[in-house]
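Everything on this sheet refers to the single structure shown next.
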Amino acid sequence: MNLHLLVIAPIVTAVFILFFKELRQVRMIALLGAGFQLIISVLLLSTFCNERAAGNTAPMLFYNSVEWFSPLGIAFTTGIDGISLSMILLSAFVVLAGVLVSWKMEKMSREFFFLLTLLSAGAYGFFISLDLFTLFFFLEIAVIPKFMLIGIWGSGRKEYSAMKLALMLMAGSAFVFLGLLGLYFSTNVGNGQHTFDFIAISRSAIPLDTQLLFFPLAFIGFGIFGALFPFHTWVPDGHSSAPTAASMFLAGISMKLGGYGCLRVATYLMPEAAHVYAPYIILLATIAIIYGAFATMMQTDLKYINAYSSVSHCGFVLLGIGMLNETAIAGAVMQMISHGLMTALFFAAIGMIYERTHTRMVAQLGGLLKVMPFISTIFIISGLCSLGLPGFSGFVAEMTVFMGSWQHTEMFYRIATILSCASIVVTAVYILRAAGKSIMGPLANEQHLSLGDATWNEKSAAVLLLSGIVVIGIAPFWLNELISPDVNGLMVNIGRTFIP
Amino acid sequence: MSEIPLEHLLMLSTALFFIGAYGFLTRRNMIAMLMSLELMLNSVNINFIVFNKYLFPDTIEGLGFTIFIIAIAAAEAAVAIAIIINLYRNTKNIDAENADHLKH
Amino acid sequence: MINEFIYLMKHELMLCVILFSLLIMKIASNDENSGRWHLMINLLLLVNLLVGFCYNISGELFNGMFQSSELIQLEKNILNLGLLIISLQAHPYTRTHRHAPEFYILLLSSVLGMFFMLSSGHLLLFYIGLELSTIPLAALANFNLNKSASSEAGMKMIMSSAFSSAFLLMGISLMYGTTGSLSFSEITLQLTGAPLQVFAFVMLFVGFAFKLSIVPFHFWTADVYEGAPVSVAAFLSVISKSAIAFVFVTVLYSVFESMVNVWYILLFITAVLTIGIGNLFALRQENIKRFLAFSSIAQVGFILVGISGGTQESEASVIYFLLIYIFSNLGAFGVVNIVSSITSKESINDYKGFYKTNPALSWIMTISLFSLAGIPPTAGFFGKLFLLTAGASTGNYVLIAFAAINMVVSMYYYLRIVKAMFMEANEHPIQKISFSLFPSIALIICIVGILLTGFSGNLYTYIYELSIGI
Amino acid sequence: MSLATTIQLIVLLPLGSFLLLGIFGRKYLSSLSGMIGTTSLLVSAILSIQTAYQYFFLNTAGSFEKIIAWKMTWLTFSEGVSIDMGILVDPISVMMLVVVTVVSLMVHVYSLGYMKGDERFATYYSFLSLFTFSMLGLVIAVNIFQIYMFWELVGVSSFLLIGYYFEKPSAVAASKKAFIVTRFADLGFLIGILILGFEAKTLDFVTLIERLTTSNSPYLVSATTASFLGASALTWGLLLVFMGGAGKSAMFPLHIWLPDAMEGPTPVSALIHAATMVVAGVFLVARLFPIFSISCPGALEVVMWTGVISALFAALIACTQTDIKRVLAYSTMSQIGYMMFALGVSGYGNEAGLGFTASMFHLFTHAFFKALLFLGAGAVIHYIHSNEMKDMGGLRKSMPITHITFLIACLAIAGIPPFAGFFSKEEILTAAHHANPMVYYIALLTAGITAFYMFRLYYNIFWSKEAKTAHHDDDHHGEGTWSMKIPLLILSVGAIAAGFIPFGSFVSSDGHPLHIPFEISAAILPVIIAVSGIALATLFYKTENDRPDKLSASFQGIYKTAYHKFYIDEIYLFITKKIVFNLIAQPSAWVDKNIIDGSMNGLASLVVWKSNLIKSIQSGKVQDYALYFFLAAFGITALTIYLVN
C-alpha cells in the first residue's frame, strides 16, 4: 500500500477546494477529502495488522524511498510502524471531526478549508517520513496554516496569539533543525557523504559528545511543539484564540508532532544522551503536569482551562518518554492518542457552546444541561475523560505511564511519579468546577433558554471522537498490541545503554 | 642620477590615498568630493605604474590598467556630475549634508 | 575558431545586438512608447534568454582573459531570466515614462557588464565589468528625473560606489604588486599569504562586500532602494546581487582558494553582522521598499553562511538559492511595483486589508514572502536550509545557530506584512488594481518558480554536478 | 448455566439497561424506563441469589474456595503485571452480589413511585443501573486494578446521582465535594496499588495475596525490608490502599462528603450512601485481609483505630443533627466504623477470625436495616416535603406502614434482640472484647448513643408534637404508592430475619466454616446499654417538652461543637481555599502569565528595543556612510591580519 496517498489525498483535496467558491461546495469537498483520508488510514490499519499477523517483523512497513536531493543525501523515504500508524489514525479522526464542526464557516470558507486540509497534509507527511529532512519539511508545513487560521478566523487577541504561536513554533523547529544537522554530519555513507536517512542514522553509532550537544536541541525543539515547560506559553494563547477546528487540530495533531518527534527523533536516535538528560526531562515534565494543573484551576475562560489542562496532560507524554522504559513509553504514546482525541472533543464542545452563547467565560454560563443536553453531555464526558475516568482513554494512558514510572526505584523518580499522580486530583477539581458552574447549576442567562442543541454535523463529529475515546478506554488491548511490538523495537535502541 | 626608491613612491601613493579619503569624508561640496575621489584613484594609478616599473618591468599590465582606470574614472565622474546636476535641479543645493532625506 | 568565439560569447553578443538595435530605434523612431515597442523589447529579451540555452561549451578567449563554462553560462541564463522578469514587471512604469529606451539601454549595459565580470579571467576585465555594471545603475537609480529622492539615491549610489571602487583598485594594485600578475590563474600560483597580500585581498573583499551590500558596507542599499524606481530597486536587489555573488563564489573558491583561512574569518564576521543588523533594521521599517532592502541584506548574510562552507555543496546551494531568491524577491517586488506605480502607496500600513480588495496579489505577495522567510512548501525553505547545511559542514555550529535563530526573527517581519494584508482592518484599503498582461506573466513565472523549483531535486543535482567547490 | 455466564449476566444486565436508557431513554422510552431498569435488576437479583445458593449450599468441599470463574487480560503493562478483567467468586463477593442486587432492586422498585413524574426519569434509572453495574464489577474483581477502575466508576455514578437535581447549587456543590474528596482518597489507593504491584510483581488478588503472605517469599522480604520514613514499603502500600477505602467508606477524617451527599434523591442515598457503595472500603480491606493480618498487623491497628474513632465521633454528631437524612448519614458512618474496627480487631484463621465474620455479618444486616431506614425517611420526606425534624411529628397515624417498618429498623440498628443488628453487633463486640478492651468499651458507649439518637429520630418523626404539615392530609398521596411500600415490607423482613443466618458457617477469614457459639453473658451488657439509650430518648422526645433544650444548654460547649460536626468542614475549607487556592494555584497562574510568558514576550521586545537603539547609524548622510566604510575596511583588515597570524 502506497503511503504517498496519505499526503497526496489532502493536497489534491486542497487544490480542488481552490476551484470552488461557495461554502456548500467547498465544505462538501473538504468532507469528502477528510472521509477519504479516514478510509485510507483504516485500510492502512487493516493491511498493517495483516502484515504483522503474517509475521512481517520489519521495523518499518510499506517502506518506500524516492531519490530527492541525492547530493545532500536527502530522499523522500516513507514507512510506518504501529506508533506512527496510530498517530495517523488519530489525525484522520481529528481532521474529519474538524471539518464537521466548522461546517458553517461562512467567512472566507474556501481559504479556511484549504488551510485546514493543508495542515492535515503536513501532519500525515510528518508521521510517515523516515527521512529527517522530509520529516522537518512536513513539521514546518504544519505551522504556518495555523498562523493563518488563528490570525484570520480566530477570536480575542488573535493577531498576537497567531504571531506568538508561529514564532515559538518556528523557534522550536530552528532548534530541531540544528539537532538534525548534528545527526546528519555525524553519519557517513562513504567518501564524506552524509545522509538524513532515519534508519541509517538509527544504525550508526553516534559519539556521545555529539549526542550530548544535539539531544537538548532536538528535544527542546520538539518539546516546544509538545508544550514542554517553560516553552508552553504559546499553548494557552494559541488554543484560546483559535477557531474551534484549529484548536482541535492544534491540540489533536500539532502537539503530537512534538511528542512524536521527542520520542522518535531525539530519544530514539540519541539514546545515550537521553539517559544522561532523563532527570531534567522528568523534572520539567513533572513541573508541567502539576503546575499546569494548578494554573488551570485559576482560569475563567473555558478554552484557557482546556489549554492549560493540555499543558498538564502533555506533561504525561514527556514524563513517559523521560522514564525511558517500555511501559512508560507505551503509556506516552497512548497518552498522545488519548489526549489528541479527548482535547479535540473538549474543544469541539466548547466551540459549540461558544457558537451559541457567544461567551466562554465560566462566570457567564450556567445550567446549560437544561438547554443543550447533548452538548453538555459531551462536555461532561470529555471532562471525565480528561480527569482519567476508567472506561475512557485517558485512564488507560495515564495508568500505563504511572506503572512505567514507578519501575524506577530512585527517590527522585518516585517523587516525580507521586506528584504526577497527585495531578489527577487537581484535574478533578478544575474539571468539576468548570462543569459544575457552566453545565450544571441554575441557568445563568435567560436568553440561553432559546438556544438549540447540537446539529447533525456537530453530533457526528462528537460521536466520531467519542467512539475513538471509548474504544480505547474499553478495549485498550488492541491499541496495546498495535504499538507495543514497535515500542519494543524502540527499546532495543533506547535500552542499549540502559543502566538498571 | 640616483633612482627614487620604491618605498618613497609607495608612501606618496598611500599619502595621496588617505588625503583623498579625508577630502571625501570632510568636504561638504559634492564636486569637491568628486575631486578628492580622483585623488584616491590617482594614488592607485601611481601604485600600478610604480609596481610595473620597479618590480615587473618586462610587462605593461600595470600601465594598461592605469589607462583603463583613468578612462573609467572619467566616465564615473561624468555620470556623477550628471546626477549631481539633476539633484541640484530638484533641491537647489549640492551640499552632501543636506541630501539626507532617505534614512533610518 | 570564429564560431567557437560566437558560442562562448553568445550572451554578450546577443546583448550587444539588442543594445545597438535599441540605440538605432531611439534615434530612428519617434513614438518609442507605443505598446508594440514594449512587446518587441520583451520578445527580444525572451529570445535573448532562449539563445542562452543553446551551444553550451566551455573554453577561454583572449588568452584566458575571457573564459566561459557551463556553470558560467547557467549563471548568465539565470540572470537573463531575471532580466526578462524585471522588464515585464517594469512595464507599468516604463509605459508612462518618457525615456523608456534609455531605461532599457542602461539596464542591458549593466547586465552586459555583469556578464563580462562573470566570464572574467583577469582582474582588468573584472574591473571593467564591475564598473560597467555599476555606473548605469546609478543613472537608473536617478531615473525619476524630477523626484528629489530619486536623484539623492543616484547620488548616494555613485558616490559610495566610486569610493568603494577606489578601495577595490587599491586592493588590485597591491595584489599586482605582490603577485606580479593580474590574471586569476597567475595570481592563484603566486599567493603567499604575506600580510600585504592579505591586506590586498581584504580590499578586494571589501569591493565585493560593497556590491553585495554586506554589513558594514551596506549603508547605501536601503536609501538607494527607497529612492530609486521600484524596478531598479528590484534589479539592484536581485540581478546585480546574484551576479556579484556568482563571481564572489568563483573568485573565492578558485582564485583565492589558498587563502581559505583568511576569507573564512571574513565571512564569519560579516555574515553574523549582516544577518543581525539586516534583521534588526528590517524589523522597524515602515516603507515596504526599504523593508525589502533590509530583508535582502539579511538574505545576503545567509548566502555568506552558505559560501563559508567551501564545499561543492556550498557552491551548488548558493547558486540554487540565488535562483530561488530571484523568483521570490521578484515576486514580492512585482507586487510592490504594481501597487506603487498605480497607487504610489509604499508604506506597509497601506497594505492593511489588502486581501479584501486584491486577493490574487495578496496571495502572490504572501507566497513570495513565505519563500523569502523560508517556509515550506515554497522553494525558499529548501534554498535556505541547504545554505545552512552547507555552512554547517565546517562544523561551526555557532554560526548556524545564530542564522537559524535569526530565521525566526525574520519570520516575524515577513509575517507582519502577511498579517497586515490578511488580518488587519483598514478603512481605506488600496483599491482594486487591474494591471496589464506583462506584469501578470512575470508574477505567474515567479509563483510557478517558487512553487516548483524547491521540489526539483534534479535541478539541484544538475547544478551540483556543474559546481566545483574548493 | 455455568457460574461464569451467570455472573457475567448479573453484571452486564444493568450495563445493558444503562446504555439503553442512557442513549435512547430520554427521547423514546421515558415512561418504560423504570420498568426496564427494574426488570433487568430483578433478573440479576434472582440470578445472584441462585448463585449464592449454588455456591454456599451445593458446595461439597469442606471450605469455600476462591474460584476465578472467568478472566481476560485487559491491558498488559509488563510481563506478569497486567490489568485483568475477571470474576472472582468467594464468600464475600457472593454475599456482596446478593446484597447489592437485592437492595438495588428494592430501590428500583421504590423509585418507581418516588421519582414518578420526574422529567429526567429515564436518566435517573440509567444512572442507577450504571451504579449497580459498577458496584457489581467492583465486588467480583479479580485484580486490584479492576477494583480500582470500578471504584472510580462507582464514584462517578455517585457524583452523577448526588448532582441529579443539577439546578440546585447545593446539590452540585455536594456532588463535587463527594467526588473530589473520594478522588483525593483514591490518589492514596492508586499509589498503594503502584507500591503493592511493584513489590509483588503482580496485580492479581490471588497471586498478590499468596506472594505477600507466604513468609520468606522473596517478594514479601523485599517489600518488608524496603523502608521509607520508618515504615516498610508493604505498610505504606496497605495504608495508602486503606486510605482509599477510608475515603469511600467515609471514615474519619475523610467523611465530610457523606452528610452533604444527602442532597441526592433519598432512594439513591439508601442505595449508595447507606447499603452498598460506602461499604466498599470495608470490602476492600476484607479483600486484602490476609495481607493485613498476616504480614502487616501495624496497618490493621490503624484500620481498627480509624474505625473506632469514626464510630464514636459520628454517633456524637448524630445526636445533634436535625436533618433526618443527615442523622441517618452519620449513623451510617458510625456503623461502618463498627465494621472497620471489627476487621481491625480480627485475626486470621478460624477462631481468631471472628471479627472478620462479624464485620461482614454487620455489613450484611446493616445493608437491610439502613436501606429500610432511608426508604422510610424517604417516604416521610415525600410526604412532608422537608428534611427537618421540626416540621415533623405524630406521623404514626397518617403513615402506619412506614411507622412500623421504621421502628423495626430502629430496633435493629439499636441492637435489640431478636432483630438483625443485635446479632451482628453482638459478634463484633465479642470480637472486640477478646482483642482489645479499650475498643470494646468505646464500642459499647457508641452502641448506647446509637440507640439514643435513633430513637430521638424515631420519636421526632412519629410522636412528639403534631406535624405542622398535617393539613397535607387532604391533597397528599398518603404513604405513596404500593411500589413504595412493598420494598419497606420486604426490607423489614430482612431486618428481622437476617440475624438468624448462621453467618460464620458461610463467611470467614480463611474460607473454612466457622461455628460461632452464642453466649448470653456477653449479650446482656450491650442490650442493657441499648435499652437505657432508648429509655433516655423516650424520656426526652416521646412527648414535646423542654428537656432536650435544657440538656443541650447544660452541655453548651460539647453540644455546639458536635452540632458543627467538630468544625472538620471548616478546617477543610481553610486548607483548600486559603492554602491550595491562594498559596499554590493563584501564584502558579500568576507566574505563568507574568514571568514565563513575560520572559517570552520580553525576548521579543528586547529585539525591538535593540533595533531602535541602532537606527541612528543609518543617518542618511553619504559621508557618514563613507566614514563607516573606511573604518570598517581598515578595522576588518587589522582584525583579519591579527587573527590569521
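All chains are identified by letter, namely A, B, C and D, in their written order; residue positions are counted from 1 within each chain.
In the analysis below, a contact is a pair of C-beta atoms (placed from the backbone, for glycine too) under 8 Å apart; a residue touches a chain by one contact, two chains touch by 3 or more.
None of these values were measured; they are calculated from a predicted model.
Relative to the centroid of all protein Cα atoms, the closest per-chain Cα centroid is that of A.
Of the two chain pairs shown, B-C and B-D, the one joined by more C-beta contacts is B-C. One finds 27 Å separating the Cα centroids of subunit B and subunit C.
Note on chain placement: the centre of subunit B and the centre of subunit D lie 98 Å apart, centres being C-alpha means. Subunit C and subunit D have Cα centroids lying 78 Å from one another.
Inter-chain spacing, taken between the CA centroids of subunit A and subunit C, is 42 Å. Shared interface positions of subunit B, defined as residues touching 2 or more other chains, are 21, 24, 33, 96, 99, 101-104. Looking at subunit C, one finds that residues 155-156, 159, 163, 222-223, 284, 412 touch two or more other chains. Residues of subunit D in contact with at least two other chains: 604, 615, 618, 620, 622, 626. Pairs of chains meeting the touch criterion are A-C, A-D, B-C, B-D, C-D.
Looking at the complex, you find that subunit A touches subunit D at residues 164, 167-168, 230, 232-233, 236-237, 291, 294-295, 297-299, 308, 326-327, 367, 369-370, 373, 384, 387, 389-391, 395-396, 399-400, 402-404, 406-407, 417-418, 421-422, 424-425, 428-429, 432-433, 436, 439-443, 476-477, 480, 484. Of all residues in subunit D, only 604, 607-608, 610-612, 614-615, 617-618, 620, 622, 624-626, 628-629, 632-633, 636-637, 639-641, 643-645 touch subunit C in the complex they form. Against subunit B, in their complex, subunit C makes its touches with residues 123-124, 127-128, 131, 135, 138-139, 142, 145-149, 151-156, 158-159, 162-163, 165-166, 169-170, 172-174, 176-177, 180-182, 222-223, 226-227, 284. Residues 21, 24-26, 33, 96-97, 99-104 of subunit B are the ones touching subunit D in the complex.
Those residues of subunit D that touch subunit B in the shared complex are 615-616, 618-623, 626-627, 630.
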